[in-house]
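Heads up, the thing below is written out as C-alpha cells.
By written order: A, B, C, D, E and F. Residues from 1 in each chain.
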Amino acid sequence: MVYLTRKVEFCASHRYYIDEKSEEENLKLFGKCSYPHGHGHNYILEVTVKGDVNPQTGMVMNLTDIDKILKDVVVETMDHKFLNLDIPEFKDKIPTTENLVLYIWDSLVDAIDGCSLHRVRLHEDPFLYAEFYGE
Amino acid sequence: MVYLTRKVEFCASHRYYIDEKSEEENLKLFGKCSYPHGHGHNYILEVTVKGDVNPQTGMVMNLTDIDKILKDVVVETMDHKFLNLDIPEFKDKIPTTENLVLYIWDSLVDAIDGCSLHRVRLHEDPFLYAEFYGE
Amino acid sequence: MVYLTRKVEFCASHRYYIDEKSEEENLKLFGKCSYPHGHGHNYILEVTVKGDVNPQTGMVMNLTDIDKILKDVVVETMDHKFLNLDIPEFKDKIPTTENLVLYIWDSLVDAIDGCSLHRVRLHEDPFLYAEFYGE
Amino acid sequence: MVYLTRKVEFCASHRYYIDEKSEEENLKLFGKCSYPHGHGHNYILEVTVKGDVNPQTGMVMNLTDIDKILKDVVVETMDHKFLNLDIPEFKDKIPTTENLVLYIWDSLVDAIDGCSLHRVRLHEDPFLYAEFYGE
Amino acid sequence: MVYLTRKVEFCASHRYYIDEKSEEENLKLFGKCSYPHGHGHNYILEVTVKGDVNPQTGMVMNLTDIDKILKDVVVETMDHKFLNLDIPEFKDKIPTTENLVLYIWDSLVDAIDGCSLHRVRLHEDPFLYAEFYGE
Amino acid sequence: MVYLTRKVEFCASHRYYIDEKSEEENLKLFGKCSYPHGHGHNYILEVTVKGDVNPQTGMVMNLTDIDKILKDVVVETMDHKFLNLDIPEFKDKIPTTENLVLYIWDSLVDAIDGCSLHRVRLHEDPFLYAEFYGE
C-alpha cells in the first residue's frame, strides 16, 4: 500500500459571518474574518490516494487522471471564486477550512477510480491547515 | 549603506474589471480575475530600507519602528479587506499587483524615518510579484 | 472528525551536553551541538487538534483561542530564550527536538478545550522535525 | 514513542517508458515523462524513525548515525544519477516516485538500528510526493 | 517604472563534461555533475519585465501574454528534456545555470512586447541561482 | 556579466545588549532580543559573485571553489556558535543582521578569486534579511 499525494493551488475569497448574530458578536467570534466585504487566500490543496502499485506502470494512479479530476472537480469550481456566493453548499454554511475539507472530500471521493481517497488536506495560508480522512 | 528588508503578510480579495468594457471584453482581458464576486490572495510584502548602520545599535532602522509602521499603514488598511471596495484609492483603479506597490510606496515613503525607503516588493502568490523603487 | 493544525514560530538557543561526560565524549556524541556557548534555531511548531466541526461556526476550535493558548503557553515561555538556562525542565535534561515535543505536549494537553490535542510537531530547521501523539 | 524525521536532498534523472508499448502508447500513458532522453528532479527525501527517547541523550536515534546511513545508502547510490541506467533495480522497473519509496524503504529498513523505520516519504517536486509505511 | 516578475517551473536533466578532457579531469572539475548518464533538477525560472503601468488595465504587461510566451519559448523547449541532447545550443556548450540564463535571455528578449525584459533568474535547486540583465 | 548566487545555512545564537545602558533601556530598545541568555536563528546566507562566463566550463566561478570558501570562511567560524562570545569582532559590537553582512563581506571579499563579490545577503529568519554591496 503506497500513498500518493498531489498538490494543487487555487485562490478564493470568503467571509465568516452568522446571520443570526449581530455585527459585534460576529466580530468577537471571527475577528477580521467577519469584515463585511470578505477577504481571500491562496489555498494549497493536498489530495492523497492509496493503493497498490501497478506492476507495469509503477503508479498507484495515473497523474494525468488525478490532474484531470482535480481540475474538473476542484479548480473549475473554486478557483477565483467568492466561496460564500459562488458555491451553493456555502450559501448557509461558513466556508471555514474545516468545512472546505469536508466539501472537497465529498466532491472527490467518488471520482477517484482504481484506488481510494485517503486524505484531503487544505492549507489556507502558511500557518493553518485542516485535514479529513473520511470519518 | 546597508539594505534591510522586512516581510509581512496580509490577506485580501480583489477583482479586475473595467466598467466601460463588456463582461466578455473583461473576461478576455483579465480571465478568471474578472469573475463577478472577486477572489483573494495571501500577499507577502517586502519593504526594503537603506541607510548607514547606527554604530551603537548596529541597526539601519529599529525593527520595532518598522513593524509599527507596517502594522499601522499597511496591515490595518489592507488585511482582511476587499481592496476594490474597502480602499478609496481603488474605487476607480484596478488593484493589480503593480498598482498595489505604487500605493504602498506612497503610503510608506513619508513614514520611514532616519533612513530611506528603497524598494517595495509585493508577492500576490508564489509565482508573481511586482516591485517599485520610487521612480 | 476533522484535524486542524496551527503553526507558530519562535527562536531559541540550546546546547547538547552531558555533564558526566568529558568534553571529547560530548563532542563525539553531539558534534557541533556540544560547543560551549550554545547555538540557536528558528523553530516552527505545528499543533494539531481534532474534533467535530461546530455546525454553527464551522470550526473545530476557535483560532483566537488556539492562538491565545500558543502565545501564553509556548511563545511566552520559549521565544528568545536559552532553553537549557531559562526553562526549569531543561536544567538536567537536554532540550533536543524529541524532548521539546514531549515538553510542549505536556504544556498544551490540558489547555486545549472542547476538542483534543492530536499531535505536536516541531521543526528545528528545514531538515529535522520530531512528532509526539501523546503515547 | 516519538517520531523523528530527517530530510535529505538528491538530484537525479529518470524516464517513464514501457518497452513493450509503442512510442505513441507511452506518450499517451506517461506524457512528457516518456520523452526519449529522460529528465530530472531535485528530490527531497523524508525518513521517519520512531522509538523511545534515550533518557541520557534525549534522542530517538543519533543524528550523526542517521546522516551516515542516508549518505551511504541513499545519496551515494542515487544522487546525480540517471536512475533507470545507474541502479540495477530500475533496469526493468520504472523509477516512479511510488517505486522509489519502496526501493528506499528496502534499502534503509535493516540499516536503522536501535529504533524502527516508520515512514519513507519522497517529494519529486513541490507538487507530488509518495509515502510508504512498510506494508 | 514598475518591475513585474513571473515564475515558472520546468524539470530537465543535463551533464557537465568537456570532451577534450579525460574522465578524471572532468570529475575533478565538475564532481558528480560529470557522471556519465547525467542527472536533473526542478528548475524555477523568474522572468522580470519593466515598464510603465497601463492606466486602464493597471498592468505592465498582461499576464496571459507573459504566460503564453513562457510556455511557447521556455517550457515547450526545455521541460522534461535532456538539455545537452535536446537543445542544439548545448550540443557543444555545457548547460550550466550561467549558460542557461544567457540562452533564455536570448530566447525571450524579442518576444517581450510593449515593455522590456529586465532580468532572467534561474534557480537550479534551492541553493543555487544565476542571473543575467542583458549586458 | 552573469551573477551567480550560492546559498548556505548556519545556525547561531546572539544577544542584543548595550553595556552602557540599563536593563530597562535595553529591553525598550531591543525587546526580547535583549533577554539575558541570548537566543538563536537558522541563518541563510546568499553570496553573489559576478563575472564573465568561462567559455570552456560555462561557469562564472567553480562551485567547488565557492563551497570551499564558504565552508572555511563562514561556516567553520559561525555555525553552531554564540556570535557575541565566539567571534572577536562582536565582543564590543552587536551582531545584528546588518553588522553580520558587513562582517561576512569583509571576510569573503579577498577570498573570491577570478571574479568579484557582488552582494552578501543574510536572512535571520523568514521575515528579515540584510544586504551589503560593498559600499
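The rule we apply is simple: contacts are C-beta pairs under 8 Å (C-beta built on N, C-alpha and C of every residue); 3 or more make two chains touch, one makes a residue touch a chain.
Just so it is clear, the model here is predicted, and its values are computed rather than measured.
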| item | value |
| --- | --- |
| Partner chains shared by chain B and chain C (touch criterion as defined above) | A, F |
| Longest centre-to-centre distance from chain D, chain (CA-based) | B |
| Most remote chain, CA-based centroid, reference being chain A | F |
| Repeated interface matching E-F, over half of the contact pairs identical, chosen among B-E, A-B or C-F | B-E |
| Separation of mean Cα positions, chain E and chain D [Å, integer] | 27 |
| Overlap residues in chain B, where contacts from two or more other chains coincide | 126 |
| Interchain pairs in contact, sorted by label | A-B, A-C, A-D, B-E, B-F, C-D, C-F, D-E, E-F |
| Contact set on chain E toward chain D in their complex | 9, 11-14, 32-33, 35, 37-42, 79-82, 85-86, 125-126 |
| Chain B contact footprint on chain F (complex, rising order) | 16, 18, 29-31, 93-99, 101-102, 126-133, 135 |
| Interface residues, chain D side, partner chain C - complex | 1-8, 53, 56-60, 62-64 |
